[in-house]
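Please read the structure below before turning to the comments.
Letters A, B, C, D, E and F mark the chains in the order given here, with residues in each chain numbered from 1 onward.
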Amino acid sequence: MRPSGRQPDQMRDIRITRHFTRHAEGSVLVEFGDTKVICTATVDRGVPRFLRGSGSGWVTAEYGMLPRSTNTRSDREAARGKQTGRTIEIQRLIGRSLRAALDLNKLGENTITIDCDVIQADGGTRTASITGACVALMDAIAVLKKDKNGAMKGNPVKQMIAAVSVGIYKGEPVLDLDYAEDSAAETDMNVIMTDAGGFIEVQGTAEGAPYSQDELNAMLALARKGISELLELQQQALAD
Amino acid sequence: MRPSGRQPDQMRDIRITRHFTRHAEGSVLVEFGDTKVICTATVDRGVPRFLRGSGSGWVTAEYGMLPRSTNTRSDREAARGKQTGRTIEIQRLIGRSLRAALDLNKLGENTITIDCDVIQADGGTRTASITGACVALMDAIAVLKKDKNGAMKGNPVKQMIAAVSVGIYKGEPVLDLDYAEDSAAETDMNVIMTDAGGFIEVQGTAEGAPYSQDELNAMLALARKGISELLELQQQALAD
Amino acid sequence: MRPSGRQPDQMRDIRITRHFTRHAEGSVLVEFGDTKVICTATVDRGVPRFLRGSGSGWVTAEYGMLPRSTNTRSDREAARGKQTGRTIEIQRLIGRSLRAALDLNKLGENTITIDCDVIQADGGTRTASITGACVALMDAIAVLKKDKNGAMKGNPVKQMIAAVSVGIYKGEPVLDLDYAEDSAAETDMNVIMTDAGGFIEVQGTAEGAPYSQDELNAMLALARKGISELLELQQQALAD
Amino acid sequence: MRPSGRQPDQMRDIRITRHFTRHAEGSVLVEFGDTKVICTATVDRGVPRFLRGSGSGWVTAEYGMLPRSTNTRSDREAARGKQTGRTIEIQRLIGRSLRAALDLNKLGENTITIDCDVIQADGGTRTASITGACVALMDAIAVLKKDKNGAMKGNPVKQMIAAVSVGIYKGEPVLDLDYAEDSAAETDMNVIMTDAGGFIEVQGTAEGAPYSQDELNAMLALARKGISELLELQQQALAD
Amino acid sequence: MRPSGRQPDQMRDIRITRHFTRHAEGSVLVEFGDTKVICTATVDRGVPRFLRGSGSGWVTAEYGMLPRSTNTRSDREAARGKQTGRTIEIQRLIGRSLRAALDLNKLGENTITIDCDVIQADGGTRTASITGACVALMDAIAVLKKDKNGAMKGNPVKQMIAAVSVGIYKGEPVLDLDYAEDSAAETDMNVIMTDAGGFIEVQGTAEGAPYSQDELNAMLALARKGISELLELQQQALAD
Amino acid sequence: MRPSGRQPDQMRDIRITRHFTRHAEGSVLVEFGDTKVICTATVDRGVPRFLRGSGSGWVTAEYGMLPRSTNTRSDREAARGKQTGRTIEIQRLIGRSLRAALDLNKLGENTITIDCDVIQADGGTRTASITGACVALMDAIAVLKKDKNGAMKGNPVKQMIAAVSVGIYKGEPVLDLDYAEDSAAETDMNVIMTDAGGFIEVQGTAEGAPYSQDELNAMLALARKGISELLELQQQALAD
């Protein structure tokens, strides 16, 4: 039934490659099937003005797509002079989600900037970004731990987080939508959860018909399954 | 327990005033307690380029806050030369939600532009905006119906929609958060539903601790109650 | 002769409502007939860089129109990323005029920001804005007087100011033009005066034929009459 | 009494040099003492969208100052990415004034763009710009007259216009203020008149104390004298 | 002598990987040692306005660096709302160079857009970009050749081009500078040549002391050697 | 053979007029035939952030063309809100070249800003700008020398620089191209040299066919001749 021939509750092949580029404190290539995102985490001393002197750290995120990561070329945002609304919405979601992984007070007055750059897109770029960025964040925290001047106050990591998309496609709940499904789905939902099974964010949008409470529950059950697999793969990557 | 003394499942006083300003095809002042938003609906012939020749219409929305609608003055976005990420996120949500109310094919090649301008803010501006804008949209459709040249193809109204915020405040699920609650809530969720009880959009964000499936369900139950009251008030306003 | 049936020297119904919104130090709804403007005054400690350490305060103004305050919707300036030339011209005029009402040295190093937002337009928005904003400014000054840390040096209020438009319409000088007159007038003049009868600003533009010294004098006489009525209404509002 | 030793009703040395640069249809260097402005007039076929098909032409103006035309360098507006409010105000004034010189219907669907670029500033740049630009405009009209395809409908020139500043300096009305006077004047007024003695625009601003009707009249009398001299010099330049 | 231990006339390891991403007509990963750039070529029907109806095609290029492709994170240009001067200079060079590879008249009214996105930087990003982009361009031309509607008029490929940097480092001419050399070089020169040995562009800048004609000649000799190696590698990649 | 009738190795008439405007520390009108550029040099205490505390000074440049300096009017960059790529490329070249004239450490923490504004263009505006700006720079340095608080550390002038364009026009190498030649040249090269005969920058672009090493050498020989004449004229101007 699915264009890819997958089972409704089947994720695509997931790959998480650490140390993908060499300059960043954390650098991960995350692949959800044909969706490929470079996630880097950069550590800087200091925090934005609204936190100065608070003792608290900050995590922020930026997102971009290479112009030809998609089937038809989209304008380069740097050349247009403006990020699209979609980009802004996504990078706010990534930043918010990753802040939930940390105790910002323990981070000390450090800022971690996450960059998620999509080099090839096939649906689910925001959930791949969050899942990969969380691994890059762990690598950046590890660098900060070794830094005598980093001034962290204990381990800031509260929990791992991962994200997956679910949806209703041709009337049936499915897990981890690719582009062919995403563009035709009746409902599209992004779910971000912790390794303790709590929700960080649920965003479900009816693209066609409204969805019912039962459909919502079915999608959340699929998301729970997918996220537990992603959390396992994150741990394997971090163990390498 | 709530700062306002309300019951957990109690909405604020809601007022919907039609024909608030005189130029727009639809013009509504919506009040959720001290949150006050002017919602106008403007009808224009023609559609954006990507729809030309498709026979389909379009609904889009823009959102703004007067600089001193809030407790401390925020920069005027027109003077900064840029809308904030929050504004962009909200206006995309409003537009997406209102498009769900209509059959755009029946609208014909007309564009309805919704403007939601907050003149006083006390939490819940996006849900008030959607609820009020849906009424302004109905007035605009009524104008278009009378217009011989409007070229609608039957009644484009599929369903009424309304929106409310729910959240976990001091550990308890509450309905229709005001600013005092919103800024201290552990979880904040915006729910948009149809008059048939389907979900158009659910956006739930853990601001502090993650939330559980039970908490999610409790919040959705409150939202369902609040939205049924709002749908009733919309009908009363439209009956006047 | 006038589209509204008014006498040449007759103002529209004027209403000045204080405390229109609840957050700002001064908040006034001013109505010149169907022209309705929300004027707020915000007090902030500190001054722009060019005045730091001077001991002097500052008053600045911003102006905007809701997109559908006019008969056809105009682009939202925040979305365009740019204020129009007209907006910039008007807000410079408002700020300059209100600075004339105060002794900025006595204000101390405080900044008062005036926001004039037109929610419904029917001609004369800039003169209504100045007239209403002067009342909001008085309320803001009163708040500052009660503030022990506000550091004013005596009463900064030198004089009340008010503004009105006059013009030549169908060959005859008229007072307080509405949109129907304004868009067809041969000459359009905005006059801002003090309660002692001095001129703060005179801006007279020939839209069609040039105007003579006699016409100029006739318009100024009308303006003088209108402004004395506005100053009276400002006092009544402040006395409430 | 005046820093320059001039009489209160004495203009600075005025020079109007036609054909100053070689590419533009009209190109004038205008000098009001040490204020030097290059005014060019460019003729283009066609009109802005709002006039297409109307048969009417258009005149528009842009103004700029070389960054070091002033005593301290000001930011280059092209590099800042934004024209200042002052620039926008001035170029709107120049355009409006020059449109008053022509019958735009007779101009046919042609656009004349005036560029006024200040290469050295010493007060009065906007009045010098208008006075010089009117001469450049005449040269551009002459080019258009010879153009068989220009499609003018008769002579579009209704009248010559010229502009001068007047003010109250140390309590006394003075004509054609230089920078030393302008920056210390109590009142600053720009007056634009036709060769038939009518007013096109009067803009008088109290920088310090308000001004009286008598002072207004005294300033207008000075302006009338100065403008008649300028109109004479324009004619001499055009006769060369 | 060189930080990398290379001989003065030794290139870094060069790798050219075609079909690196799957959506673009041409997609190449080019590596000059640790410098890695994704070069894509996108084919669109139609040309920019200034070429419409001319029968001629167009090639244009855009360049960007991922924020953390460098040792310290640079601002994301899309978020700043502006490309840097360096970016603009580089993308103009890339576009100009690649246009030299083609006979644009034979291309027909098609536009090929080159995107060069640096994912890891270690000096020489512009020369790597040009060298890789020329291969991507060939793949795009091959796609266009098979397209019945592409309307090319014969083979538009005039010549292959490749680019390399040379410089004076510690007094000695060296080939293909990495970042450690580039940031300390006295002279930095970028050379772009055809497979027939002609120069397309030479840009040599003295960063420290001026350079002599002899040094210029020595650098050009090194460039000639490096470029012949690059042209060979391009052919091998295209033969795969 | 040349449109102007000049010999292949003949410069246009060159004029360098110092003290052209009165406010700037250095102000030069430079004319290369019909190309006329105002070059000013402004001295400011302090340096950009990246140099603060380094003891080193800075030289930066900005470039602009009056909209009608060219045959057809180009958009005013200040009004477009953006400098073109060409402008940015040119001003970077001017700044880089002039920094090569000075020992920035001896300049002390002062910034010299060069503004090159083209009032009439006929090819070669960038080389005229550099040649004229170097003279303005000398005048600014002289002002700084007399300034007790300027805090220079000895004479920062290392060498004079001058610039000229050369090219291949109708198959023959020519010196100092005017617009008629420039727009038809097969190769266009800008050369910047010191008074000791070293190269500061060479930028040679094949506009049509690639160029050979022999042609490169021939162009450099012409450039050397032209630059020696320019250096002589700079000295004459500075001696006045």
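Keep this in mind: a contact is a pair of C-beta atoms (placed from the backbone, for glycine too) under 8 Å apart; a residue touches a chain by one contact, two chains touch by 3 or more.
Quantities reported herein were computed from a predicted structural model and do not represent experimental measurements.
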What shortest step count links chain C and chain E in the network of chain contacts? 3
Mind checking the centre-to-centre distance between chain E and chain F? Centres are C-alpha means, answer in whole Å. 28
Whole-Å distance, chain B centre to chain F centre, using C-alpha means? 59
Indicate the whole-number Å distance between the mean C-alpha point of chain B and the mean C-alpha point of chain E. 50
Counting only residues that touch at least two other chains, what does the list for chain B look like? 81-82
Can you list the ring's chains in order, from chain D toward chain F? D, F, E, A, B, C
Note: in the complex, chain D contacts chain F through residues 21-24, 27, 34, 36, 38, 40, 42, 44, 62, 64, 66-71, 73, 76-83, 87, 113, 115, 117, 119-121
Can you list the residues on chain C that touch chain D in the complex? 85, 88-89, 91-92, 96, 100, 159, 193-194, 196-206, 209-213, 216, 220
